[in-house]
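In the two assemblies presented below, chain A is common to both, partnered first by chain B and then by chain C.
The block that comes next holds the complex of A and B.
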């Protein structure tokens, strides 16, 4: 039922499908619903190879999957979605691939700001997390423009991790904490008593968002690859064995159902684990 | 084609596969090496008796040495699916499920922890035998202090027993014990014992056995931050010198062992999360989750985890 093509669907079919989804999500919401889902969108290239299409097309289809998944998440009432779009490690790939991904990113950021896009549909607030100064100037400007443009939106939040690794994010938080500590306390004070876990948390890129309830990595790989290490430490980790462009509504529903199964235990552990 | 600035991509992580030395080790070959661990439960003890520090060990398990039958003869061979050159250099384990295991059997929680201890001994022995260089176990998290006092007290006594019972074997076979976590929260007797054992084993080189007690990954990173702030305050480093490598060096694991980053991280009992364990260090670790509860984790389960690791392609963000 979920389509990855870009052909416009007949309006009445769309309405019927939307109505059915609403019913489905109403049933789902009898159980606890995640507020924040994070995605590691792995497998675009392998998908292209599997479908025997041009290598770069896998990422394009992946973007379509992303937009669909975002739509379903926000319709379900998920408040925050975070996606791992481009890691600092990915700069090590072949220049042609990196260049092509940068080009795709610019194109998609511009697309997100168009009238008909999902950003306007849901009143999304966009965040770009990462060392944006590592990006080529056109992409960095586009990202900054998108953040400014949506800064006052009060709808759900989409955080896109680009030129990002979690260790780099933590490093930047450490730098800010050390700098603030110097400014705040001056001579004669003790870092041992002044810098707390909460200080670092406040200086992470994700400070304004709650921690992910679920982290989904597609393509069956079971590792975090330097994504949200701090924030996801109590999250429910899932690694469905399919490539990102194949991720669809039924996989998302399955993911939420899995989360709902373990929720009572997760919640009990979370209450015990209030960090001082 | 858009150009991008060249990025300094040196990573502090040891991205290479650890190639284990093929030289024969002074290994341990128990007489019953082919038998997998089996736990024969005692008749359900009362809570009071099970908390006794001198409670008898379960039948069927070794009552004396940590590495029993340590008279080795030939160099130990690996079980068939395992290949020495593909084994992880550092394995980390979240030993989850002791309480649930005990509850499912109508036994007190302490019995679950006791059974878990026996499994730990076995896994340590296997790790040593198979040439794993570093084994880290999450024995007690910073969050575990919120558990019932009776359980916490039992666990602290169990840790003392582990160290006292194991020291002789650690010295004999060359295991170095390292502790990470906030030891100031531990009873003084345990703190003293930890100092003695770590000092006594500091020159051992066969296997680094890291035990995380009262440990929190977030606090580990925060203490690294404090240490760096201290150095900046005293002019030992400039703010511009603060890099990922510097932060990594200040982490508890990185100060004490050669291989601080787990290649493989195992969590038992079906829980799919990392629970504040080795946050930074496990950035690229292969995660292996099993529904088996820790007291049921046997040699076959360990082989399965290691075999699964062997089949994974570790890319570290690149293409291969």
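The block that comes next holds the complex of A and C.
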């Protein structure tokens, strides 16, 4: 009898917690809500050191933290979330670490496509931004398969940056724009000022998304490390002083509240830029 | 009478719903203001804390902020809110502080080109050099605005494709234009849009936002928010530079 009465409780607790979250998000949405949040998930290794666990486990806990943050973002009505999972610079790490990160990535991509995952819960569309040709074949094909599988989903969008740097993204946009220019025009034509800022923007990985409203880098570091340098012109840059696996709902709420404070200023600057 | 009673009952629910939705909005709004009051209080405490430490640093009592070792600072960038940049005396004071700390290379940036119009013109009349760059005693000062960022990269793309179209050997081979990052950097230099990547960027304005600083130069730059230019003080500047001097970067490793 006791066992039977214990089983429904977690489900009830979850419902109560979900209801409280909805109330909290309703309060938050009284002010301007961000449509696009970007995360630099920094501090997994230092978290593992702090908790005295294996370095690889730090990344696993980081993934759990990512899924719950995504859940809260989408419940709040955020349409686009972008995460910096693996930089081109990270290939410089020890081969064993790179190998285990690749393995983890493949495992998590497969997990995301499972039935009970967050992708199915919210009807997420998955994007992978970066030079995917730099990735080992199993991860590259898993990423491509995930994009195809979710291409027709109409829910919120999760963009995962792997083998990515902003300068590489801009470079690929330049190459695509130049290739298109060459195809369109003939011999002897002068391309002076033919390639515009808008052409480059159409060829960025982020062309289908709005610009990020907030860029959050955990672990207190204050640099962007070659992440969304083009797109973050009017983004509110935040550097909470905690490791990524420690990032929770209260940090996310604080982040949105800080954004709401500066929104009038950033929106005014954005409008000025559009008018000129 | 029954008809009147029925009509009243049919009309009542929407009115009640309307009233309860207004009450709900009021409650939500009140809670929202409360949350923001908490945020403002916390920010105020942090601000006062920071102001106190900056004032102590400005008095010169703390030795470690006096002789700053800035060996790893080759170039310092400063983003200023355009409205605040109209007060030219503040920016000039900031430059004089930086000169006294022996910072050799500075890049000033504001969104709308106010600094180019004010300080830039000052420099032009003083030194007869271009609007963008000037040597001021032992300091090089570069002044940029929004048009030096993304537009500069588009111009570099045009420069590269121009060269490619004129190079018959490349085009006859059938090779598609595929440039490298170093070629883009060289193109930016060739058209006068290249400058050093600042190691540190100080943002003077209401929000921590780089406002379109040239993206090609921001890769590993530490970005620090200094608050409004109106309330700038020497202590905050010294503190920001000191904290920077203690930084270690992995560069992805």
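The rule we apply is simple: the second predicted complex is superposed on the first by the 262 of 276 C-alpha atoms of A that agree within 3 Å, B and C clash if a C-alpha of one lies under 4 Å from a C-alpha of the other, contacts with A are read in each partner's own complex, and residues count from 1 in each chain.
One rule holds in what follows: a contact is a pair of C-beta atoms (placed from the backbone, for glycine too) under 8 Å apart; a residue touches a chain by one contact, two chains touch by 3 or more.
This structure is a prediction, so every number in the text was calculated from the model and none was measured.
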Simultaneous placement of chain C and chain B on chain A, clash or fit: clash
Touched partner set for A:230, first chain B, second chain C, both or neither: both
Which superposed partner A:254 touches (first chain B, second chain C, both, neither): second
A:132 touches, of chain B and chain C: first, second, both or neither? neither
Touched partner set for A:174, first chain B, second chain C, both or neither: both
Which of chain B and chain C A:166 touches, first, second, both or neither: both
Chain B versus chain C as contact partner of A:113, first or second or both or neither: neither
First, second, both or neither for A:30, with chain B first and chain C second: second
Which of chain B and chain C A:103 touches, first, second, both or neither: first
Touching partner for A:51 - first (chain B), second (chain C), both, neither: neither
Chain A positions touched by chain B in one structure and by chain C in the second: 87-93, 165-168, 170-171, 174-175, 177-179, 181-182, 191-192, 195-197, 199-200, 222-226, 229-230, 232-238, 262, 265-266, 269, 272-273
Of chain A, residues touching chain C in the complex: 26-28, 30-31, 87-93, 165-168, 170-171, 174-175, 177-179, 181-182, 187-197, 199-200, 222-226, 229-230, 232-238, 254, 257-258, 260-262, 265-266, 269, 272-273, 276
Chain C to chain A touching residues, read off their complex: 28-29, 31-32, 35-36, 39-40, 43, 111-112, 146, 149-151, 153-158, 160-162, 164-165, 171, 176-181, 184, 205-212, 215-216, 218-225, 249, 251-253
Chain A contact footprint on chain B (complex, rising order): 1-5, 7, 9, 11, 141-143, 146-147, 216-219, 221-222, 224-230, 232-233, 239, 242-244, 247-248, 271-277, 279-280, 282-289, 312, 316-319
Residue ranges of chain A in contact with chain B within the complex: 45, 87-94, 96-99, 102-103, 106, 134-136, 138-139, 165-168, 170-171, 174-175, 177-179, 181-182, 191-192, 195-197, 199-200, 221-226, 229-230, 232-238, 262, 265-266, 269, 272-273, 275
